[in-house]
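For reference, the structure is listed below as structure tokens.
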């Protein structure tokens, strides 16, 4: 295997491709929330498993970067392990599980609980970049809707939720308005994480490999979750704290313990949970 | 004097001779044994068994060899053989919760009783060509292949993996945990026997079990694309892979004289239980809905596609508007059989001299009329 | 007198000789209902699509004046401007309600969409307004959460009308709104339409092949044939004393029926 790796460029992609992606990213940063088409490449991972995120990471990573990869908030999930190993092998960069030590964090489905700081880059893997897709599947039409800010239908979706369920029944990939202009899909993070996107000091980059789109939220940008005045946006909460660290502020995973259906709730963010445990132990 | 082209018989015989030569390839290269195909191309064998609707790995391997690796041709061969077989009886439904599990994952919970069991999967391989396999293959060519001949069945080898790496005790179904809370619709309780699509024509509207039967033998690529279309918004159902499990189940056949069912053999199967968007609201408590896929062998791609398409096809039953191709039962089921599909597409290669001649005469007449000066 | 709300001069869009719509002059005045009549293929639907900005003319001019007195040149306007007008200042009622409704969205959501499109963000108020409009078009407000496909054809058409009128557009285009409905349902829908037009003081351009519908709703008629307007005038005048031979035939045909 190591023989094959020497045939590849630093971080797998060739420099031309990286430049193309970086140009797309610059455009994305210049127009926050706007989806930028890019010439996504075939990657040695299947589409839908993070090919967009990996291409963005490959385009921005340098030899001095420290990479953290999470999936579902955890560093030890199979997909996270696999992607981290990919970059350790193809770029030889150092990796970490500690959020504060990382310069680049590639993520699937979560934003770390530990606040990010200026200079860090959070790279999201995005399956469906188009927030209007499920209302209007045709790209030709959604492009016009974005261009003309025809976003009434987004609220129709929320209206329908309330009419049917008494509340907004969207719990993840909850649509946001970026910089008062573009409605954006935040990727399938739980809505719990939406408020973290708002005015975040870190640069947030989004890559959708199969759909070949890039978008971005620059540092300190407004990111507002759509809602109604009388049904304001709310995040999930839990009745119990994390069974491991006792945190009452983090997103909890439900773990099924036995056939009788006994449940345990623990932090989805493994690094945060470890930090909290160390803090209480100390 | 002109003599019309004849001699089809000789041409066909020559074509078959050429085909045999092409199939064999360079005689200097060792000929493939069925055991090699069964063992080393086992996923191709699985696909041919599924879409050929016959669980016989050796025959499937033969079909693949005969078809030069053209899997649709191999499926066709297997089906054409299957149709000649006598039917001795119908087994009782297999019980997948009693499976000896080789692989078992859930995307819905981080951990579940019995654990996540990765098993043999390409999921986390990096798709980098492994040139060491190329080298090994050259070495292996020297090896006497007597060993392979003694291996009766490719699934026995995976079975031994199951014993070492997998779980011997039966694992509870992930969706059963949600059923306890009433959060997901219960599975159908009646084991209703549907029509046998290999003996009776498909009739619309089709019952769910009939649809599942059609999907089980349907083309993998076609179902994959339809499943994909539902994820991209054409008939969206918000799927989660509740549980995917592969492993060995026992097959029982009822024996009338005894009054109970006897085990007749084992089957390696892959099952996918998909959790989908919830229904309800107002007076009705919201519950998740589900889609189901089952295939023999390690046919995970097909099982997942099947489950997604199964769910999409339940639109009427769940009172959803049918707006997308994957929700259209007649469209999906009438075109999912690749032997039918390829048969009809390939028939265009047959002579259509007479029809075409008629069209030719017509178009000439029409052009003549158009060129004629207005009266 | 005020200016016309919509003014067309020499409006043309020709698909093939005598197919489409040729050199049409038309003024629509505030609060009036203009009927466009003619048989299939006469160009009346093409004219409606041109007037409502759903299609662009090959020649001619088309000026729309909004409530604020602002003029919009619809031949030159950007697609963005036209779509904005269609969302706010125009209503477009399709012959088949399935073309004008979101079928996967409840009745309330269908009515509320235009409100949300122009910035309404209070669920309770949107819902109250949707309820009020259901009552306006004589649909039981208790059915606010039902999907349109559970409605009869007549109810779907009423819902489509409510969905269009909720933002109080100045100008509504209707293409055979009673087509495909049986006679008793048609009569009731026409009553509702007449009442709404009168109450709201909106201008309407309605295309119909049914002279009965034209007589009941329209203040003024344009008769079309082979893409051209062959006769215009007050409805009673055209129907009682048709000038063109073709109009006489059209009028005679309804007399025979009734």
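In order of appearance the chains are A, B and C, and numbering begins at 1 in each one.
Definition applied: contacts are C-beta pairs under 8 Å (C-beta built on N, C-alpha and C of every residue); 3 or more make two chains touch, one makes a residue touch a chain.
Because the structure is predicted, anything quoted here is derived from the model rather than measured.
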| item | value |
| --- | --- |
| Touch-based graph of the chains, sorted into line, ring, star, complete or other | complete |
| Higher-contact pair (C-beta pairs counted), B-C versus A-C | A-C |
| Centroid spacing, where centroids are CA-atom means, of chain A and chain B in whole angstrom | 34 |
| Geometric centre distance via CA averages, chain C-chain B, whole Å | 52 |
| Between chain A and chain C, centroid-to-centroid distance (C-alpha), Å | 46 |
| Multi-chain contact sites of chain A, meaning residues that touch two or more partners | 164 |
| Interface hub residues of chain C, defined as touching at least two other chains | 145 |
| Interface hub residues of chain B, defined as touching at least two other chains | 282 |
| In the complex with chain B, residue positions of chain A that touch it | 1, 3-5, 43-46, 49, 72, 74, 77-79, 81-82, 85-86, 89, 127-128, 133-134, 137, 164-165, 169, 253-259, 261, 266, 268 |
| Complex interface listing, chain C residues touching chain A | 79-80, 83-84, 87, 102, 105-106, 108-109, 112-118, 120-124, 126-127, 144-145 |
| Touching residues on chain C, where the partner in the complex is chain B | 103-104, 145, 147, 149 |
| Residue numbers on chain B that touch chain A, as the complex places them | 109-113, 118, 123-124, 126-132, 172, 174, 177, 180-181, 231-234, 236, 280-282, 286 |
| Parts of chain A lying in touch with chain C, wherever the complex brings them together | 144, 147-148, 150-153, 155-156, 159-160, 162-164, 227-231 |
